[in-house]
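Have a look at the structure below, then the notes.
For reference, chains read A, B, C and D in written order, and residue numbers begin at 1 within each chain.
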Amino acid sequence: MSDTGNKEKNRTAPRSYTELRKDLSRRDRSLREKVVSLEEATAFVRDGDSVGIGGSTMSRTPMGMIWALIRAGKKNLSCARSIVSSDGDLLLASRACNHIVTSWFSQGILWGVSKVMRHHIETGKARYEEWSHMAMGMRFRAGAMGIPFMPIRSMLGSDVGKQRPEAVEMNCPFTAEKLLLVPALNPDVALIHVQRCDAYGNAQFDGLQFMDADLAMAADKVILTTERIISNDQIRRAPDQTKIPFFTVDAVVELPFGCAPHECYGVYEPMMRHMEYYVDLVNKDPVKGMQEYLDRFVYGPKSWTEFLDLIGVEELLEAARAGESIYDA
Amino acid sequence: MLKAQVHTAAELLTILSARELKNGQVVFAGVGIPLLAATLAQRLNCPSLTILFEGGVIGALIEPGKLPPSTNDQRCTMRANMVLGSAEVLLLLQRGYVDVGFMGGAQIDQYGNLNSSLIGDPARPKTRLPGTGGGNDIASLTQMIVAMKHEKRRFVEHVDFITSPGFLRGGTTRHDSGLVTGGMHRVVSDLAVFDFDEKDRRMRVIALNPGVTREQVQDNTGFKLKFADDLGITGPPTDQELKELRELDPERLYIS
Amino acid sequence: MSDTGNKEKNRTAPRSYTELRKDLSRRDRSLREKVVSLEEATAFVRDGDSVGIGGSTMSRTPMGMIWALIRAGKKNLSCARSIVSSDGDLLLASRACNHIVTSWFSQGILWGVSKVMRHHIETGKARYEEWSHMAMGMRFRAGAMGIPFMPIRSMLGSDVGKQRPEAVEMNCPFTAEKLLLVPALNPDVALIHVQRCDAYGNAQFDGLQFMDADLAMAADKVILTTERIISNDQIRRAPDQTKIPFFTVDAVVELPFGCAPHECYGVYEPMMRHMEYYVDLVNKDPVKGMQEYLDRFVYGPKSWTEFLDLIGVEELLEAARAGESIYDA
Amino acid sequence: MLKAQVHTAAELLTILSARELKNGQVVFAGVGIPLLAATLAQRLNCPSLTILFEGGVIGALIEPGKLPPSTNDQRCTMRANMVLGSAEVLLLLQRGYVDVGFMGGAQIDQYGNLNSSLIGDPARPKTRLPGTGGGNDIASLTQMIVAMKHEKRRFVEHVDFITSPGFLRGGTTRHDSGLVTGGMHRVVSDLAVFDFDEKDRRMRVIALNPGVTREQVQDNTGFKLKFADDLGITGPPTDQELKELRELDPERLYIS
């Protein structure tokens, strides 16, 4: 156990600046096309990688990419996300991931505690590393900024803080106050879904931003999935709308409804009937119910489009109608 | 008037917590009853109440019947004044722009500490709960209002795990740990309204809900309660409060 | 001298968190209308205040507000801006300001060194506190985030760093590397010019962002000047374009051409003929030339509009035509 | 070919520095000759060169004849891939996304340190210059190319004030001070091209510009220069280089 503990603690320690710079200097940052298929994109993730996941809860979750990684048989990933929803269930149950770094993990507030999450954590099959929501953000931000930590003023005093020896208390040299230094999080790879980007990876996303811009900047590699690929000309017409610059990005996958059954701001709301069916199935029996879902909806379909077929056009259209309503105001 | 008294515990909780908010305040609201109560207050007598959501929203105006399933969904942003990153909105707490943090809770102790993380050994919990979310940040950085169902197993002497800090072990322990600001301001349950003693920082009943006795509150609480000298009685929900509330949640997602 | 030194050093020390929170808790953060005249807005600045100035160089400079503060006879201001252009000349020459905190100070790269700046600094009439450009940004950012410092990796080794005992070197507790901690900058008041905002102070600005969002969040008070006031409904239709939330703002002034003779992104480019006239006049004789400019263009006109008259409609229109051309791409 | 040789010192400087850039690189360019040289390289043989500006611009495509008066003006953003905050674009240097920082300089010393701050006592300078801007950040955090007019008073043994760090006092002093990355890569002047010795970190001539002798370079330099064993001679500006350059700056703002 202590062995694993050390290994896992090392996962959390920030890299030295020399290493961080060396790792980045090796990356090809030239302006070049990066469009690949969903299946090809899975090659950018290796077993055991730390993976940063964009969006939050049921919003802009890169579900299609997660789905593809599970199908590709990835193992022992350490997955970090601000707030984890059913994406986390799938990652744990498929054994793609054995370590979740987040502030909150359940399918959604409407459904109580995820039985799938409970099963995996309580039986020790996987580890849940808990940070406060702001601490998650500050860890990505420190990673994005190329600094080894960020000082924060929460997590002090609480047991959330006590469980995280990876963070260090300090007395401020200016004010003599107590601060908590949370270590930078520079994931091996980030998965981010956006409304639109160009073939180079210049990404623009609308509405809720979550931590995605910092995550992209912090990661060693970025895989973008996107509702649609637009021309570089379109990007250059409104450069102040670009949130992720191309040189952080390694792969671009065009994937309509790429967050299904979660939502993509302004494009579709969550597919709530599918979500309710899912939660009901897996929480009734977090092992068999989950396996049934994986077999039928993850391993079963030949393609992402076939998975969408299983959700059904009616629910997709309904979700899209609701999603677009954000612009009715 | 008679009609007004026919209400659920959740409705009472929502209405009483709404009353704790003041016009002009900036309130950071969790999903469920806090979101509903803040929106209710905004529609009743706090038109310039500003509601923040963890997903990255400032100045939300929730539409009746369109309650969002979480504070990270696009429905939270409808007609907001600003949509920003989730780290950014949490940093507003740290900078000090927020008057009140407003959350629900599953388990609270005599010092106002909340547990939403786990029961048992942290390394291998007996029951793993969802976790802090922004709860720890909100409770660490601003004045808190907590709305809770009153049950003995929820009001415990010591929580298994301090997810969101109240006054920690009482007295000055919160301040000593580096949390120099904020703290538990009010707890609202379906039985009573509570504050915390200024010295020892233990929970204290300041008002009983209509028809509730001291004994009832104590019997449903897992630790010895203090009662304020000038113990009050909360006014029952008014017709207007109930009408507005039911319009907000016509599907009774949170108020049944 | 050491007395002043200490006083000025104290100006730079970050406030304790208790003080910072107390100062903020006193502010009225309710949603309320804040529209005032340019003259009324000057009441929000007291003699001796530290003043954060938005924009950079010749871009989105709150020139109208600076002009009004000089006319109102403000004294001993400490002015902090990422990069200072002719705004700094005016502030020093009028004696409104005796302390400039910036990374670069001259009228513009085209014109060499500002003789006005040289005159005031070299004769000891005012002090130039130099930080690197990134350090300026990180000081505002720490202030915006409610933390007492930000770690950075520049300014080490150089004389720029050696001249700033207000910054503290530290060995990183995670990586044992050397870092520089730059202190938070929370100005008493910020002056920011935007393309549009509502009467409550919800501000949206296009194009170059500079450090304005952080500056607004860091300051104790914000005075917004704006090309035009739009309805709150318009703000709420595109809330993801809002960059400054209303509760940071204390005063809103509608001031068309409020950056003249500098530029406002997408609205007008700098009025270069006026700038060239100005630079020529003041650098020829940094005392008398400057006084002539102040008398004629700052103290002389009855109103901001009368100042614009002195620039002349032809140059205003030309600048506006060029400014809008950013949207021709 | 003869025509090509009629050029100004500034034109030579721009063309030679442009040649130091490689296709696919990310270059952080200052205003004036760096901006011009980076744009020239982009139009000649580095179509996928990405130019960053301090004002907050990624992937600028400067239009011929529309050179911006600073890197903080809207002209810098025309047809860019991204416009972002100025702190953000500087942080790209710190994170490591930038291959080359490209600046002009007023005064440089044998270790590649640049002064743009002041001459005399820092507390009461004899001559106060504009200051670092992003210069200190760029020089601290990435590999540098500096383009300078070659004069004895500009190439000095020790600068009065180190604004933008080169190799500080030589040897490992840069690394020891905490600057573990970056450093001076090339200096391009109108007389020669320089790198820095790998051991003692002193400036070294690696190529003489066409028609320039060793003695000329040494005579115009305020410290003893090293010369590379395999000292080269830079190729003269080509017709195409001059043609493209003159199209970019038809008003000859920077090249006269």
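Definition applied: contacts are C-beta pairs under 8 Å (C-beta built on N, C-alpha and C of every residue); 3 or more make two chains touch, one makes a residue touch a chain.
Computed from a predicted structure; not experimentally measured.
Trainee: By the contact definition above, name the pair with the higher C-beta contact count: A-B or B-C.
Mentor: A-B
Trainee: On a C-alpha centroid basis, what's the spacing between chain A and chain B, in Å?
Mentor: Using C-alpha averages as centres, the distance is 29 Å.
Trainee: I'd like the Å distance between the centres of chain A and chain C, where a centre is the mean of that chain's Cα atoms.
Mentor: 38
Trainee: With chain centres defined as C-alpha means, what is the inter-centre distance between chain B and chain C in Å?
Mentor: Going by mean C-alpha positions, chain B sits 40 Å from chain C.
Trainee: How many angstrom between the C-alpha centroids of chain D and chain B?
Mentor: Chain centroid spacing, chain B to chain D, equals 58 Å.
Trainee: Can you tell me which residues of chain B touch two or more of the remaining chains?
Mentor: Residues 57, 77, 79, 83-84, 91, 94, 180 of chain B each touch two or more of the other chains.
Trainee: Where does chain A touch two or more other chains at once, residue-wise?
Mentor: Each of 17, 146-147, 152-153, 177, 179, 207-209, 236, 240, 329 in chain A touches at least two other chains.
Trainee: Who touches whom among the chains?
Mentor: Applying the touch rule to all chain pairs gives A-B, A-C, A-D, B-C, C-D.
Trainee: For chain A, which residues are in contact with chain D within the complex?
Mentor: Spelled out, the residues of chain A in touch with chain D are 17-18, 20-21, 24-25, 28-32, 144-147, 200, 202, 217, 232, 235-236, 239-240, 242, 245-248.
Trainee: Please give the residue numbers of chain B that touch chain A in the complex, ascending.
Mentor: Its residues touching chain A are 31-32, 54-57, 69-70, 72-79, 83-88, 90-91, 93-94, 113, 117, 122, 124-137, 140-141, 161-165, 168, 173-174, 177-180, 253.
Trainee: Taking the complex as given, what residues does chain A use to touch chain B?
Mentor: Within the complex, chain A contacts chain B at residues 56-59, 82-83, 102-106, 108-110, 113-114, 117-118, 121-122, 124, 128, 130-138, 140-141, 152-160, 163, 169, 177-180, 207-211, 213-214, 263, 265-266, 269-270, 272, 323, 326, 329.
Trainee: Within their complex, state which residues of chain C touch chain A.
Mentor: Residues in contact with chain A: 13-17, 146-153, 168, 170, 172-175, 177, 179, 181, 183, 206-209, 236-237, 240, 329.
Trainee: Under the touch definition given earlier, write down the residues of chain B that touch chain C in their complex.
Mentor: It comes out as residues 23-26, 48, 50, 57-59, 61, 77, 79-84, 91-92, 94-97, 99, 180-181.
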